[in-house]
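First, the structure itself, so that you have it in front of you.
For reference, chains read A, B, C and D in written order, and residue numbers begin at 1 within each chain.
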Amino acid sequence: MRGRVVTLATARPRVYVVEAPGGRYVRAETHRELDRRGWQPAPSPASADALLIAGTLPDPLRAAADVLWSQLPGPRARAEPTAVSSVPSTLDGLRACLRDRAGQLADRRGRELDEATRWVRSDSARHDETDHDDMDHDDMEMAPGGLVLAQGAPDRDGLEMDALRHPLGPLLDRWPGGLELVTTLHGDVVVEAEVTWWEPPHPTAPPQTGRADDLAGGWDAAATVLSLLGDERQARLARSVAPSSPEVGDRVLRRLDRLTRRGALPRTAGEVLHTALADSVPALISDDELVELVSGRDLGDVRLLVAAHAPLLQGVVDASGSLDD
Amino acid sequence: MTDSSLVVDLAFWGCAVVAVVFGALVFVVDSMARATYALAVSFVATGGALLLMQQSYLGVIVVLMMVMEMAVMAVYMVMFMGMNPALMPMSMVHSHRTALGASLVTFVVLGSGAVLVPWPERRGAPSPDVTEALGRAIMESHMLVMMAVGPVMVATIVVGVALSTARTRYDRLGDDLDQTPTDPPLRGETQRGGRRRDR
Amino acid sequence: MIALAVLALLLAAGAFSLRAVGTALAETRSPVLVLPVASGRVPEQHALSRYHVRWYAASVVFLAFDVEMLFMYPWAVVVADLGTGAVVEMFVFLAILLAAVAWARREGAFRWA
Amino acid sequence: MTDPLADQLARLPAAALGAVLALGLVLVLAWTASVSRGVAAGRAVPASMAHAPAEAARLLRQGRRTTLSADRLLWRVGGWGLFPVAVLLIALVPVGETALLPGSLGVVWANALDVVVWALVWLLGWGANSVAGLVGGYRFLALALGYELPLMFALVAPAIAASSLDLAVVADAQSSLWYAVWMPVAFVAYLVGVLGFAVSGPLAAPVGSEVSDGALAELSGPDLLVVRAGRHALMGAGAAIAVPLFLGGGSGPWLPDAVWVVLKALLLTGALAWAAGRLPTLRTHQLMEPLWTILLPLVVLQDLVVAVLVVSGS
């Protein structure tokens, strides 16, 4: 009975797919392989069965990967495929790991029930070295659970509300590998942003196995945007465009244009996708332009804009090579 | 009361106790969200008590309106109380002594009124459909109320919007009100706000 | 009232058995305490804060407008009996309110971000 | 004079049967919504049918999690409350002889219950102490401000025509012509409201994929399962309420009334879920203006038309 339920439960595991710096091709192949199997990617680590980091992580991001790993509820599995060819076997391995009862029991037994406090503690310890404050008493009061409370900041409306610093990236699903955009949020609106790029430990070359038609990443970006809009059906089409017919491409393009017209997509995002897919390469954008692009936007719009511009971001191009190389 | 069955009595007292306890919780809990929704539960229980008094329309409308208002009020409470709304010890009580005195006096006056006033015996029966009776009252005998409410509500909307929007259409569009709005609508403004912090 | 009681009982039983099945299948009882999701980073501060609601102007309009529903429901029951007068009355009332909504829109009460 | 307590007890078997049937109906409707959703997303029909059981098994096997300094009480109330609201809505629907919870104010009660969803979704977003959750919860309230007034006016239209707020009376009043046919704007506004309180389709921004599923971002295991089931159930319950309001209740040839009610509810749930799966999620700040300045005046106009027709006696 239990065995049968477990088989049913793991028939299509939900994988949280994250792109490491330079891991674009492996990540794209992972999404295609998930499509082939009819598995759905997980939208957040909270409900994911497995964590898949596509590409090789640089050492500074190891801790971030461990934080993500600690956020999976379990039963859980993780993998870091570094080559396009190893993606299918990796996914098989993830499922096998989820089905391995002894292994899962051992994982849970070795796991603390409190996976949060140790991160907070190590984080604040790091701060203390530099800050060197003697406000321990205040800290206890102002920092329930070890995290400080948000502080007020003046707003354009002449009000003082709390501002939150919220990182997008480095390890986020459907997000360009290596980009860390630390936003300052007033409510759900981004008022400021800082850009950091994490470099891959070694340069990754585009795979030799075909798909030259999407090396500029236009269709990949379109698929990401559609998926972020919750339209998985069209996202699948966009991912399959390269091998399938131009008509499919036209359909996806028409869909994107319609979404832009109806305001489901920020206009800038729609325009840049249209340009990229209609066979002219748009200009690359610098970090400053990226900040300019996202400030004043709703948090969701920021995700859509970054996804649409992903192939044009300087850091992404540096890390994964472009057509010109 | 025509049917004072044990079940109805029990349910009524249940509602009353819930209403009072959750009303008191508003002043005990340490979070704006909890305080607001404690108040909402208190109101729902009051709605239940009204239902048991066979005021069916009044009962359901109390539930409907109060859940809605509390959902919006929670947002305001979170926004405008000058401290963290959830993670700090807080007190919903100001000027203890006056407040306590005032509430005690009010309670005693109202409570003794309810208990001591010789309520008249009910003559005649309530309308079979209280909702319909209410509708007739609004449209016929109490038309004036209805007429007055309209302008009052318009005034509320105008004053509310005028007071709450710091920037109106002139700030958004400049003098040329016919130009198409930008996407996002308030872009330049936000960036100015952002820079202000850098100062 | 009895139906309500039975429904409540059934739902409670359902929730309880769901939890029991979950506990049995997951082979664990206690939830694990984790950091809120933030792209692999440790959050710099608690998310619960004085959240800036950009649409407060719209909520003001709503709060004023929804009081109207108090009258609308009883009115709906009697309008067929009362006839034209009641219709004119109510829709003049609504027209005034909608004019206020139109004004609020022009002031940008329904835009934000 | 009969003993009221004994009276209530005598009604127990019927109430118990009714409650079990109502609960069963909610589950079937929720499952229908899930299947239709799967088909709309491009899955084959058998795969769509297996989706809900497989996900249920997956989530029941998954552990539960809680976040740092979360308000667990409010968070869990928000999540586990959605499904019961759907059940209460279904209990208002007259099936066959009577509804499980009959009353002269069924329409207003339906309204009151859908407003409870405001509180629940916001609490769901608030409780987790997470940025994504907060954004989702607040987005929901913004949308609710927009869809609720049109929904209320849409609920009023059938009540005007039937001169009653009793769902059974409203259903019976449509013997000649369904209200959906001659008050289409009210019907559409009602369905928009259903999509709103089921947090799906164009109004799914509060659980938007682009903010890591917003209000659902920190949920796992059974806690996520009940929320997903609750959203599908709310869509089914909204469709079921539309049956007495707009689709003639139990009227129909050959089959008994109760069967027609269930059949219509199933069909409308399927259609609504399919449409929700096909329509793109719209951005909250793009939706406010059209909801307030296009849909709301249109529904008010619809009410005017209904009122004039009723008064002029046609």
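Going forward, contacts are C-beta pairs under 8 Å (C-beta built on N, C-alpha and C of every residue); 3 or more make two chains touch, one makes a residue touch a chain.
Note that this is a predicted model, so its numbers are computed, not measured.
Colleague: Farthest from chain A by Cα centre, which chain is it? Let me know.
Modeller: Measuring from the centre of chain A, the most distant chain centre belongs to B.
Colleague: Which chain is most central here if centres come from C-alpha coordinates alone?
Modeller: Minimum centroid-to-centroid distance belongs to C.
Colleague: What chain pair shows the greatest number of contacts?
Modeller: C-D
Colleague: Mind checking the centre-to-centre distance between chain A and chain D? Centres are C-alpha means, answer in whole Å.
Modeller: Computed value for the inter-centroid distance: 33 Å.
Colleague: Hey, how far is the Cα centre of chain B from the one of chain D, in Å?
Modeller: Whole-Å distance between the two chain centres: 25.
Colleague: Report, in whole Å, the distance between the mean C-alpha point of chain C and the mean C-alpha point of chain D.
Modeller: Their C-alpha centroids are separated by 13 Å.
Colleague: Mind pulling the residue numbers of chain D that touch at least two other chains?
Modeller: 8, 57, 60-65, 67-69, 71, 108, 126, 129, 131-132, 134, 138, 141, 145, 148, 165, 212, 217-218, 221, 285
Colleague: Check each residue of chain C and list the ones that touch at least two other chains.
Modeller: Residues 1, 25-26, 28, 32-35, 37-38, 43, 46-54, 59, 61-62, 65-66, 69, 73, 76-79, 86, 101, 111-113.
Colleague: What are the residues of chain A that contact at least two other chains?
Modeller: Where chain A meets two or more other chains at a single residue, that happens at 5, 9, 44, 46, 71, 73-75, 108, 116-117, 120, 144-145, 147, 149-150, 155, 159, 161-162, 164, 166, 187-189, 296-298, 301.
Colleague: Quick one: do these chains touch in a line, a ring, a star, all-to-all (complete), or other?
Modeller: Complete.
Colleague: Can you list the chain C residues touching chain D in their complex?
Modeller: Counting only chain C, the residues touching chain D are 1-4, 6-7, 10-11, 14-15, 18-19, 21-22, 25-26, 28, 31-38, 43, 46-48, 51, 53-55, 58-59, 61-62, 65-66, 69, 72-73, 76-81, 83-84, 86-87, 90-91, 94, 98, 101-102, 105, 110-113.
Colleague: Within the complex, which stretch of chain A touches chain C?
Modeller: 2, 5, 9, 44-46, 61, 63-65, 67-68, 70-71, 73-75, 105, 108, 111, 113-117, 119-120, 123, 144-145, 147-152, 155, 159, 161-162, 164-172, 175, 180, 186-189, 296-298, 301
Colleague: State the interface residues of chain D toward chain B in the complex, per the touch definition above.
Modeller: Interface residues on the chain D side: 4-5, 8, 69, 71, 73-74, 103-105, 108-109, 111-112, 115-116, 118-119, 122-123, 126, 129, 138, 141, 144-145, 148, 165, 285.
Colleague: Flag every residue of chain D that touches chain C in the complex, lowest number first.
Modeller: Residues 8-9, 11-12, 15-16, 18-20, 22-23, 57, 60-69, 71, 80, 83-84, 87-88, 91, 100-101, 107-108, 126, 128-134, 138, 141-142, 145-146, 148-149, 152-153, 156, 159-160, 163-165, 212, 217-218, 221-222, 225-226, 285, 288-289, 292-293, 296-297, 300, 304, 307-308, 310-311.
Colleague: Can you list the residues on chain B that touch chain C in the complex?
Modeller: For chain B paired with chain C, touching residues are 7, 11, 57, 61, 64-65, 68-69, 72, 75-76, 78-81, 83-87, 129, 131-132, 134-136, 138-140, 143, 146, 149-151, 153-154, 156-158, 160-162, 164-165, 167-169, 172, 181, 184-186.
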